[in-house]
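One chain, subunit A, links the two complexes that follow: it is found with subunit B in the first and with subunit C in the second.
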Partner chain A sequence: MAPKGQEQNKIEDLINPVAYKSNLQALNFLRNFVAVVAGIVVGICGVVGWHGFIYHFLAQLSCVVAMFLKGCTNPTSYFATWNNLLFFGVFSSTTLLSYILFWMIFYNVCHVF
Partner chain B sequence: MVRVSTAGLLTLSGLAGLVHTTFAVIQYRQLLKLSQEEFEALPATIVLELCISTIVALLGAYILAGPIKVIVMPAKGRNMDIGSLRTDLVSFNMRSRAMPLDIPPLQPH
Partner chain C sequence: GTGCNKLRNITLHRQKDFAYALPAAVSNRLIRRSKDFVIRSGYYKLIIVTSIARLLNMEGAHPLLLDHAVRDWVFIPLTLAIVLMKLLTQYMHLLFNTPPPTNKELKELREMQAVARAGRLRGFGRFIPESSFKMRKDYFAGEKGIFSHKAVTRSPQEAMATDPSVMVDMMKKNLTGMVPQLAMGMVVNFFFQGFVIGKVPFPLSPRFKPMLQRGIDLVSLDVSYFTSLSYYILLLFGLRGAFSLVFREDVIDETEMMRRQMNPMAASPMGVDMDAMFKSEKAALAAVDYEWELESAEERAVDILRRQLKSKKN
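Then we have the complex of A and B:
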């Protein structure tokens, strides 16, 4: 006969790894694209200085809003944790360096050369 | 024939608009240099074109990213296909299947 403690334990829900990977890929793609477009806009506007990174983080925050618009009412059901939705790919080198690259290119093209 | 989706067209249009805005800013700055004026701010038309191009490009990317799916499989309604998703129970094809089970142990010489 099983002890009483085991009877109270719930069966943990399984996570579909294919869907999880697909969701993270969608978020990653959106984050990279938004970083590129934000860099272009910031470069065209002629923003200089460290406060230019604030626009990058604001743009990455807009990806969270985009995920909510896509139907992510409960982030734990789509991205396992809130940290994944908020911070996955935000501080990755691809995103940050893409933002800096396009910011630099378009600022130089518009305002320097 | 290359098929382009609506989202792809939107993204390309937005990016083309951003490139056009870049050329507009370059021309505006050249005009300022000719009239020997300092650059203070972009004109409203260029800012408007920048905003519209950004919105169109981001809309295209939003559609291109695709839908998101629920990752949690509840306890009820599971089928037998989920067995292939449990990495602990994944089987690998290896040569051990071809080996007979009654191999005698090696004897020391």
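Then we have the complex of A and C:
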């Protein structure tokens, strides 16, 4: 994961756009992957009801932990802000819809079958 | 087979389940007789179930017993078919996506570049000294400036009429994008019509019923069950995320295209109304508030030094 770039003065930060974009892409990839895998697991377990979405948000928040393990010790130097790391793509429609879709597919194949 | 076991279990229990037992018995015999008709008996079974449920006016809370044959022959093949179709359209888009040949004249290019340069000037003007900035501003927005001339670029309507390559490009985009999806939707609707395919894992309000159950008019059927057409649409939207894992580049072509259709200004690379752009750039340049960064640089450096000395002291 490439670092963000130098900080020249405290007021304005210079952000290396290529590195920032690649960091965000890595986070996005991880979020999508976790959404799909969480959907499959939840579908196979047969979770029914609205509380199934809690597992989705739990899985998305575990991405933050995964990012820490990957070496992002100081989020402000890899992503712009804490909020960016926590909430980027958590509420995006692609991850949510993928989660719902795979949850549905595996629930149907295993339980309604 | 397994159907016989199910039949016995059901008749031991409540009488409401008899509705499922009866068509199961009928269609089990059908299955055993002719294996060729295994697909159609699956369909018939469900149609019989739904019609008997309509007669008996079943409540929706009762879990529907859906047949194995539906799973085998509809759910999994439909999923596989849509995944393969999306893969195909993705690859076709990649193969056919040659950039349109730039058939613009030198003057058009020059105007586009001028607009881009004016935008950059506005954004980063504080890095150049004041006289340079004024010179550039006058070059663009002055009385004899670039933006005062009439634009030579043709408007997008003229461009579309005179240039056949634009039409070919649009046709290619449509062909590899929307047309296979529409065709597949029609095919799905034709073959797998009139029965429910699966269950959504969470309860929904009745407002979702026409969305999820197109073509089935059962009022008492649980809203969580959906038909194959709605499943097709769900697949289309849901596979975007999974595909973005496989293809790292931008996969969501049809949503981009839909967004482009709703936003015609940013649509084609050459179809911008140059006159309007000139006017807006001129007004923006006149309105920019200019200050050379170097003027305040000494103060800022002093600030930073002070802060660093303070932090070193602590």
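We adopt the following convention: the second predicted complex is superposed on the first by the 100 of 113 C-alpha atoms of A that agree within 3 Å, B and C clash if a C-alpha of one lies under 4 Å from a C-alpha of the other, contacts with A are read in each partner's own complex, and residues count from 1 in each chain.
FYI, contacts are C-beta pairs under 8 Å (C-beta built on N, C-alpha and C of every residue); 3 or more make two chains touch, one makes a residue touch a chain.
This one's a predicted model, so the numbers in the text were calculated from it and none came from an experiment.
Looking at the shared chain after the overlay, A:95 reaches subunit C, while subunit B stays out of its contact range.
After overlaying the two complexes on the shared chain, residue contacts for A:109 are found with subunit B and with subunit C alike. In the superposition on chain A, A:29 contacts both subunit B and subunit C. In the superposition on chain A, contact of A:50 is made with subunit C only, not with subunit B.
In the superposition on chain A, contact of A:20 is made with subunit B only, not with subunit C.
Shared interface residues of subunit A, touching subunit B in one complex and subunit C in the other, are 11, 29, 33, 109. By the touch criterion given at the top, residues 11, 13-20, 22-23, 26-27, 29-30, 33-34, 37, 40-41, 44-46, 62, 66-67, 69-72, 76-80, 106, 109-111 of subunit A touch subunit B in their complex.
Of all residues in subunit C, those touching subunit A in their complex are 66, 68, 71, 75-76, 79, 197-203, 234-235, 237-242, 244-245, 248, 252, 300, 304, 307.
Of all the residues in subunit A, the ones that touch subunit C in their complex are 9-11, 25, 28-29, 32-33, 35-36, 43, 47-50, 52-53, 93-95, 97-98, 100-105, 107-109, 112-113. Across the complex, subunit A is touched by residues 14, 18, 21-22, 25-26, 29, 39, 42, 50, 54, 57-58, 61-62, 64-75, 78, 82, 85-87 of subunit B.
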